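To start, I am sharing the structure in question, which I have written as structure tokens.
All chains are identified by letter, namely A, B, C and D, in their written order; residue positions are counted from 1 within each chain.
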């Protein structure tokens, strides 16, 4: 039984069908990649799964429970975290503060307990430690006090991943984490992703960097114009005519240029 | 990095503040100063609530004077007409204002920026009509006079010093509670919501619940301030709770600096005292006073512009630069 | 020390404020008059800025003019009067603070003011506790209806003006009237009295419309009134909206005559309404046309002398607000003169209450233990606006 | 209620509605190029009226006095942007809004000092009895108000659609950065927008003063109505602002006709809140999809 089961997800914007009846499964502990040319509906698919955009049809089951159309924060709290294509960081706050806000999920403190500061210090100290650990896991511990807006692009991506981790997810959806990274930064990202997968978190990654995809993905889902055109292991996908056609256009498909 | 600075325990700071509040009437038994400081204390409570909602959570409200009005009229009615003790009236005023906050939170779930400003502004104008027309309860356009002094546990607080101590006692407690909230998880969640709602959602923050609770708490504090004001001043009229007062409250929070609490509180004290400066600055000649009074509105406008131009991050921003705070540390 | 920085900041500011030598000569309780040539200190809380600036400024002019005249003529029993002015900026909170300051720090014997009804009501509690009499220049009936032994009033309240105007309308055969009033204190107060007294005056209100200060057009309300086909239209309004109503009525070709009270007894109404003001009738005091006092009478002398002195000093004729202020300072001076024994706030209050037959601008004042307004309908006259000015319509 | 009376209410609504529309246009022009709400817009309306009366007092005929007032107010709008707002571009929208609030206080109080506390009046452009249209009476001045509103809308439409400056302003309203990349001097565009907004506000003040008189504090109430109209129509869209203004005017006059004049403001604001709740971007505003 797969950890994340997507069945027939569809989303229409006026005349355009951005996501057209997409179904796929993600198995616990694996790394799945989602690829496809620009405008294939990858980000929209992520938004439908994670509750940032309500689907017109279809369903999503996470760990056996139906989560279709739930509010985004509830889905995150049930263990399905995500990052964004253009990072949504808290620009004025430090890296530590950014991660700590997500780590706060563990701190039981409503308005009343916080106002009276009753027994909070323990929970809060724990959430700060958790935040520091995650910064180390993501390999950006030395940026802890830096303001998010002052950090280099690659580090910001890793910070957003660390922040998503702080919600103790079982599955994490990463929306083009390698976009705009140079070789070395991509290497650091790959190492971080392996460490996260080894820590038991299932990963679903939207990516254009084929090198990265081929290296880390155990299974690849290919979208074109909103529809699923292929799904399977990297080697199979590499030779799939439909995939090549989608990416490189007709003539190359049969000639294999 | 072990913090080596002398960490004041919060209780020491509270003791110092309470001592200062108590010392004022002893140092200067002047009734005028105490009455003006009551106005300041009331505004500090309103601004503490608005700094939470607008400064930290980024939800603009141009209707806060209406909440003050709800608190004031409700407690005046409960005590005056229904004969309830002041404490019950004040709590009723706070609760009703908080309920008003809940109602106003609904549009906030769908509206952003200027549109939310207009919705809250509309609420303020509608409440102004309600205060003016519900003559049975509010005394209508002429206002409601003869409101009794606050009375706690059977003891009527009717001396200027007593009223001052009550208002500032409540103000200190409110400041401490709000400061604690801002330093804890809800405070951080508000700053996250202010930065990016999607980012906050991605951190598992229930932004809908947060907006509703923050609106209700902020409005409740305004209602509490209204209840204190009505019974310390003894006379309220719809004009006191009009739109231009709500605009002033928003300006105070911006001048104070959106990211802090000490900044807006200082701005509230300064901008509430400004209209009374002519009487507070010692040694002013008669015509200097008349001149100051005549040009007071201009000075007020220019002072606001000057502060936000010189210190875009507001007074709070200045305070942080003075204190070598860590970058991005939420300064409260 | 993060969370409690705000408390430390508050503590510092409060202490700094307390150390300001603000106290000055804070005298507690009611002030003694003192003897010899020491001046009688009287406070004045006026709206010199804000929406009611148009009332406060002529009031201050009138008070300064009269105090100069009284002091030049040797003051009261040889002692000059000194008036300390406070601007309440049309804000009830400021008028209350100003009253406390005048009582505590300036040790005034009495307070003239405020210009507005709300601002007057805000001062009452503190003045009553300190035992300092207030002489208000605001027209709201509530000031003297909600009786307080410490509060006096000089202008003609709606309680007197409304019945007078209604009687005049009935006398002119207008039995059904359309009413339009503003939602401010003055309008609501007037409307209450119109609805209460219409029956007695033999008049029925067939349309009852209101508008808000700042509205730019009242033709909808007037269209509704026109539909009710009243014999005449009664405007109970203060401020610039009254002129708009007159214009709108003319443009709607409404034939009904327009009536009003002291709220439209202002030159600005005539300027603003232009021809639409022609033929409008209003009931108010006699200041607009001194002949109304009756040539040769004492009040005629008082009025013409005040009007000419005011015009010499300020270049314009005094308006009704200047008249209210003239009476306020005049009543205080007269009362001071009548006190035997020690002059205190208490003795001044008692003397004020015993004022009888004092001839002022708004009329001949006779206060009593139950009437702190002291005016009756016979201080009222009906005017008609013709040729851009007022003419007695008798 | 027969047709003539209903028409009379519609005319009353369109009369105040067109004033709200002109002021709303001023809000939209500034919002378009800067993204902020200019709280001093109400004072531009006041200055239009007060300055016309002052120029008229100097002996200029009414139309010339009006033109001079509109020009002076436009210059004041530009000066206000230059000195108070220019350097604060980077400080974020809130700081700018507060500066306009402070600016409105200063303008209001200065006007009281310069022009006195009492109301000021101005003769009608073409005095004469009202004109009868299908049984309803229409004031001549109302025709001037409508005429000037239509002229303003047409000129603005022509400016936005047909001129380089107009296109640059539209580009600015979509995105400052993109506009700057296209070589548009966005600072100049913002300055021009404040000039136009001030002129529009002043034009409204000039057109309506013969009907309503004016005074130093005439700006506050109209400022709120103009803002409500701009929001009702949909911020940033000039035509929507005009429609928003007219709808708001009609809402008020019809609520007087059918419900009660005491609650006309409360009713029209309640309707506005309902519209905002149903369409959070106003009647005609484009629902800006928030890119996730």
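Before moving on, here are some points about what is shown:
Keep this in mind: a contact is a pair of C-beta atoms (placed from the backbone, for glycine too) under 8 Å apart; a residue touches a chain by one contact, two chains touch by 3 or more.
In this text, all values refer to a predicted model and were calculated from it rather than measured experimentally.
Look at the CA centroids: the one farthest from the centroid of chain C belongs to A.
Among the chains, the centre nearest to the mean of all shown protein C-alpha atoms is found for B.
With each centre defined as the average position of its C-alpha atoms, the distance from chain B to chain C rounds to 34 Å. Chain A and chain D have CA centres that are 48 Å apart.
Per-chain Cα centroids separate chain B from chain D by 32 Å. For chain C, the set of residues touching two or more other chains reads 49, 183.
In chain B, the residues that touch at least two other chains are 10, 133, 180, 183, 198, 294, 297, 329.
The residues of chain D that reach two or more other chains are 109, 220, 262, 265, 292, listed in rising order. Residues 5-8, 10, 13-14, 16-17, 19-21, 23-24, 27-33, 35-37, 39, 44, 132-133, 135, 140-143, 145-146, 168, 171-172, 175-176, 179-180, 182-183, 233-237, 239-240, 261-262, 265-266, 269, 273, 275-276, 279-282, 286, 290, 293-294, 296-297, 319, 323, 329, 331-332 of chain B are the ones that touch chain C when the two sit in their complex.
Chain B meets chain D in the complex at residues 106-107, 110-115, 117-119, 121-123, 125-126, 129-130, 133, 198, 243-244, 247, 250-251, 254-255, 258, 294-295, 297-298, 300-305, 308-309, 312. Here chain D touches chain B in the complex through residues 31, 37, 39, 84, 87-88, 90-95, 97-99, 101-106, 108-110, 113, 220, 224, 227-228, 231, 235, 262-263, 265-266, 269-270, 272-273, 276-277, 280-282, 290, 292, going by the rule given at the top.
Across the complex, chain A meets chain B through its residues 52, 71-74, 76-77, 81-84, 88-94, 97, 100-102, 104-105, 107, 109-111, 113-117, 120, 124, 145-148, 150, 163-164, 166-167. For chain C in complex with chain B, the touching residues are 1-15, 17-24, 26, 48-49, 84-87, 89, 91-94, 96-97, 100-101, 104-105, 117-118, 121-122, 124-125, 140, 142, 146, 183-185, 187-189.
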